[in-house]
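In the part that follows, the structures are each spelled out as structure tokens.
Both of the next two complexes hold subunit A, though its partner changes from subunit B to subunit C.
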Partner chain A sequence: MQVTLGCLRNAYNMVLQKFGEKLYSGLVTTMTSHLRQISQSIESAQGEIFLEELNRKWVEHNKALLMIRDILMYMDRTFVPSSRKTPVHELGLNLWRDVVIHSNKTQSRLLDTLIDLVLKERNGEVINRGLMRNLIKMLMDLGLSVYQNDFEKHFIEVSKDFYCCESQKFIESCNCGDYLKKAERRLNEEMERVSHYLDPSSESKIIKVVETEMIENHMHTLVHMENSGLVSMFVDDKYEDLERIYNLFRRVPSGLTIVKDVMTSFIRDTGKQLIMDPERLKDPVDFVQRLLDLKDKYDKAITLAFNNDKTFQNALNSAFEYFINLNARSPEFISLFVDDKLRRGLKGVGEEDVEIVLDKVMMLFRYLQEKDMFEKYYKQHLAKRLLSGKTVSDEAERSLIVKLKTECGYQFTSKLEGMFTDMKTSYDMMQGFLACHGAELGDSPTLSVQVLTTGSWPTQSSPQCNLPSEILGVCEKFRSYYLGAHSGRRLSWQANMGNADLKATFGKGQKHELNVSTYQMCVLMLFNNADRLSCKEIEQATAIPMPDLKRCLQSLALVKGKNVLRKEPMSKDIAEDDAFFFNDKFTSKLFKVKIGTVVAQRESEPENIETRQRVEEDRKPQIEAAIVRVMKSRKILEHNNIIAEVTKQLQARFLPNPVVIKKRIESLIEREFLERDKVDRKMYRYLA
Partner chain B sequence: MRRGSSKKSGQSNPSVNSSAADLFRSASSKANSKELERIDSLFYTYANGSSGLIDPEGIEALCADIEVDHTDLRILMLAWKMKAEEQGYFTLDEWRRGLKALRADTVSKLKKALPDLEKEVRRPSNFSDFYSYAFQYCLTEEKQKSIDIESICELLTLVLGSTFPTQVNLFVEYLKNQNDYKVVNMDQWMGFFRFCNEISFPSLSDYDPELAWPLVLDNFVEWLREKQK
Partner chain C sequence: MIFADGITLLCNDIQVDPQDIVMLVLSWHMKAGTMCEFSKKEFTEGLQSLGIDSLDKFREKIPSMRSELKDEQKFREIYNFAFGWAKEKGQKSLALDTAIGMWQLLFAEKQWPLVDHWCQFLQARHNKAISRDTWSQLLEFAKTVSSNLSDYDAEGAWPYLIDEFVDYLKENGVNQHGQINDSSLN
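Now for the complex of A and B:
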């Protein structure tokens, strides 16, 4: 259309002279018929020309519309609003839509062609993106509803089917890792597609389709896929795959929940297997190391692949807490692990690395429900370390105590600290003793005494045994020295906790230095004055209790490489009539032979049972104290609430058994601290 | 009210001779005080001269007279009515309390009062109190708080055997077979009574061990359930 000044003036005049209606309807008619022609020509376009033709005509139409609008501007501003007609430009677009785009043939053909191109592109073909972009823009220009109804709606439907099929195909043919890679690729593709030639409003919709079809609908299959699913990713440390699964699954509802649940139950099972394996339980240090390794493995996975996600951290922690407490000996084993580290494992290790190991130990400690069991063992093991002088680093010991104090409070560690204090005090005491009496001691055996405060150290009442005469003198000197400085105190020698170094000369003159326990020393010294002694005679001479004596004689006569005594008969067991001889034929490659065992060891079954019983006994008053505390403040409380409150109060130390709590309540009722409420039998009442 | 009382043969009555009795009868004192005096005199027929109390022997004699076995539950009920404190003994005050309440001043009246007494005790409002009294009555030592299993079983059978025979028999069987408890205390004793009243038997469906039932009953129920399998 050619614009001339004449047209403008004519148009202007027409409106002025109230011919606006005629002008407007004329516009409509003219444009409509013109567009009909165009529509026909588009419809008749063959094959690929169709889109190009459509595009070209559209561009022309737009140009024309601009001109027409300019020409009819006066009408657009005056007549159109007052008669509530559609403005010119909009009219032009609507007519294009109705006549061209929505012509029967064109409407469906346009849609099919566009969809077809998308599918081609998805299959790897290169398409004319510019053309696509223009036509999509055209639909948008015609109105969001046109875009949505004429294209987007169907696009989404078709995509759904496409991805449904594709995901099915891939699931059957790919392993999990590869499938996820493909899914990720498709997601990226679709985003890129949208950015290039679709309207941005479609992005979230198409992404949702891919997420649903490719991920959400196959979540369980993927996660549980044999040999390539989540579990094998963990087993083989496939961090890249894990990261991908995390990033993909977090897009869909419950995606991460499934990952987390599968992870949790796998960790629980792995842990449980570890705990129940009798082979693993034979070596406590190795057992704990495996626990730490397991934790490290999953910590790494969560850090590297799961974005340090807190819910996963929590799941890991609760899984560990679950299976560690399945093994009633975990507290003992963790203490043995610490003992091993502090006795030799941390030798030569730098300060920072020591802290790392201790922090890991604390982490395991936190998982324990029976912290009071750990305390008991830790105390025993610490005592042995201190008394045998076998600790790698004083700082490391103290550092751990500080960590325990921070975690559990002063009461937990006050006795432990007392043990350290005793060691220091004893050292000073010995210095004083030697300074004072050093000269007179001369040839006497060298004595080194540690004075232990009863109550701080793990109690094992030690009946007195007869110390050899050779050392009685110096022992007495020390006793009087000490009591001179601290009158009013009582000292008793703990014969089951000491050790001694003996110089022994054997048959052919070979000399050895024997490191033995106090009991062993008492036994061996007897052989300076006798060639042959029966077990019974030794018992009478030393006053060592028979069970301990038997163990002692076993360690002196029946252990290869350490048999400084000889037994007749040569049987494995010790009978009271058995005869013992000094073994002149003893040989050893080492000059110093260590026979005493003061080192912490895994308890035997009966010892374990005994320790547990003692701990259970200790717990009874603690439970009662907690019950009384709770009832004192609440005055009247229902049974279930008491159980809950008491459990909460005690959980820092151990998890009380509700049945035991009930029993304690009944004991308190009998002793008239509490009574049952007369009206409501579920309630208990505090009796002041 | 019938005046006069004929003494039953076989009673020894050393401290009151017939002339004194006539004197009392003829005097116009209040019926009440006469009743009280008869009650007192009845007391002294059974009481031990030196202790001034009716002792186990006296009780046995009383039982013979009212024709009730001394292990019968009704004697316990009588003791309850008297609020007797010590098992096997009745004091004068207790005797007075009991017989006055029963309006019995002779042996035959006492005997006749027994069925009503039983009815009174078995009334739900009273039975709980009687039940707990039965336990306390059996505590013989000063600081004693619990009763041995053997005695508990007997007491339980006596007191509850007719009301809840099944539960009592089973509980007794359980107590005799278990090793956890050598004695039973008041709390557990009362707990069993509640149990019989509140828990449906033999289904035990409404028993919840997580509630405040005494532990011994938790164990009993577990034992029962094992048995039922």
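Now for the complex of A and C:
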């Protein structure tokens, strides 16, 4: 249509002369019939030409509409609003929609063609994206509802079916890692498709389809896939796969919950196996190292692949807490691990690395339910380290104490600090002693004394044993020196805890230095004055308790490479009538032979039971104190609530057994601290 | 003070067996401190409160004293009284043998089907004295928990000894009639 000034003027005049109605309806009629022709030509287009023809006609129509609107501008501004008619441009679009797009043949053909192209592209073919974009934009221009009803709705439906089939096919043929890669690829592809030729409003819808069909509907299958699922990803440290599964699963509801749950139960099972494996339990240090390695492995996975997700970290922590406490010996083993590190493992290690190791130990400590058990063992092991002088670094020891104090409070560490203080005081005391009496000691054996404050140290008081005459002199000198400075105190020699260095000359003149325990020293010194002694005679001479003596004689006579004594008969057990001789024929490649062990070791079963009993006994007064505290403040409380409150109060140290709490309550009733309420027998009342 | 001999004579006079539970009821009325003894005060004031001033009246009173055991509230009072009365002076707890004797006496009246199992259990597993709380709670247990233990509440704040008793019964398969299936325990 050609625009001429004439047209404009005519149109203008028509409106002026109140022929607006005629002009408008004429426009409608003319345009409608024109569009009908166009529609037919589009319908008759063959094959690929269909879309191109549609596009071409659409472009022309738009151009024409602009011209028409310009020509009829006056009508558009005056007649149209006052008579509430559809404005010209909009009218043009509506007519295009109704006559061309919604013609029977074209409507379905357009949809089918567009969908077909999308599917082709999904199958890897190259399509004319520009053309697609134009036609999609056309639908949008005709109205959002046209786009949605004529295209998007069906596009989504078809895509659902497509991805449903594809995911089924892939699930059956791919392993988990590969499947996820494909899913990721499809997601990216769809996003790119939208950005290229669909309306942005479709993005979230199509993405949701892919997420649902490819991920959500197969979550369990993927995660549990044998040999390639989540568990094997963890086992083989497949960080890339793990990251992908995390990123994909977080898109769907409950996706991450499944990943977390599978991870948690796998860690629990792995940990449980480790904890229950009798082979592993033979070597406590190795056992704890494996625990740390397991933690490191999963920490790494969570950092590298799971975006440091807190819920996963919490799940890891709770899994560890669960299985570490399945083994009642965990507290002992962790203490032995620490002991090993502080005695030799951390030798030569830089300060920062020492801190790292200690922090890891603290992390394991936090998982323990029975922290009081740990404290007991830690104390025993620390005492041995301090007394045998076998600690790698004082700073490391103190650093750990500070960490424990920060975690558990002052009471936990006050006695431990007492031990350090005693060591220092003893050292100063020895300096003073030597300065004072050094000269007169002359040839006497060199004495080094540690004075331990009872109560700070985990010692069981040992019965007095008969020390060799050779050292009695210097021991007495020390005793009087000490008591001179501290008159109100009592000292008793702890012969079960000391050690001694002896110079020994054997048959062919070979000299060795023997590093032995105090008990061993007492026994050996007897052989300076006797060639042959029976076990019984040794017991009488030394006053060492028989069980300790037997162990002592075993270590001196029956251990290869350390047999400085000879036993007759050569049996494995020690009988009271067995005879012992100095072993002239003893040889060793080393000048210094270590026979005494004051080193922390894994407890035997009976020792373990005894320690546990002692800890349980220690817990009783703590539980009672907690009950009294709770009742004093609440005055009257129901049974289950007492259990809950007391547990809460004590759980930083240990988990009290409700049966034990009940027994303590009954004991307190007996001693008239509490009474049962007369009306409700489940309530208890505090008696002031 | 009236001691065991005197009590025997008394029982003769009122024609009551010294082991008869009504003697416990009498002691309760007298607020007697310890079994097998009455102080003068306990005896006279007790008789006064019962309105007894002759042997005949005494004999007449016996049946009504016996019937007091049927009263729930009074039975509970008498039962709880029995603990303090039966135990050794100065002791906090009641010796097991005495406790068992008292229970058998008391629960013959009250009809608790599990009394024998309870006594067997104590002799097999506990062998120590009985605390006052355990004593008084046992009555509540006998009254409120059915003998097949179907309504026993493990969170019911029962003394631990009673919890252990329940475990013992379960271990030994107590059936609905409160009879233990394991005959080796009889």
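Annotations for the structure displayed:
By our rule, the second predicted complex is superposed on the first by the 688 of 688 C-alpha atoms of A that agree within 3 Å, B and C clash if a C-alpha of one lies under 4 Å from a C-alpha of the other, contacts with A are read in each partner's own complex, and residues count from 1 in each chain.
Going forward, a residue touches a chain if its C-beta (ideal position, glycine included) is under 8 Å from a C-beta of that chain, and two chains touch if they have at least 3 such contacts.
Source: prediction; values computed, not measured.
On the superposed subunit A, the two partners subunit B and subunit C do not both fit; they clash. In the superposition on chain A, A:V659 makes contact with both subunit B and subunit C. In the superposed pair of complexes, A:N640 makes contact with subunit B and with subunit C alike. When the shared chain is aligned, subunit B and subunit C each come close enough to touch A:I669.
Where the contact sets of subunit A with subunit B and with subunit C meet, they give residues 638-640, 659, 662-663, 666, 669-670, 676, 681-682.
The residues of subunit A lying in touch with subunit C in their complex are 638-640, 659, 662-663, 666, 669-670, 676, 681-682.
Subunit C makes touch with subunit A in their complex at residues 92-93, 131-134, 137, 140, 155-157, 159-160, 163. Across the complex, subunit A is touched by residues 145-146, 185, 187-188, 194, 210-212, 214-215, 218 of subunit B.
Subunit A contributes residues 638-640, 658-659, 662-663, 666, 669-670, 676, 681-684 to its touches with subunit B in the complex.
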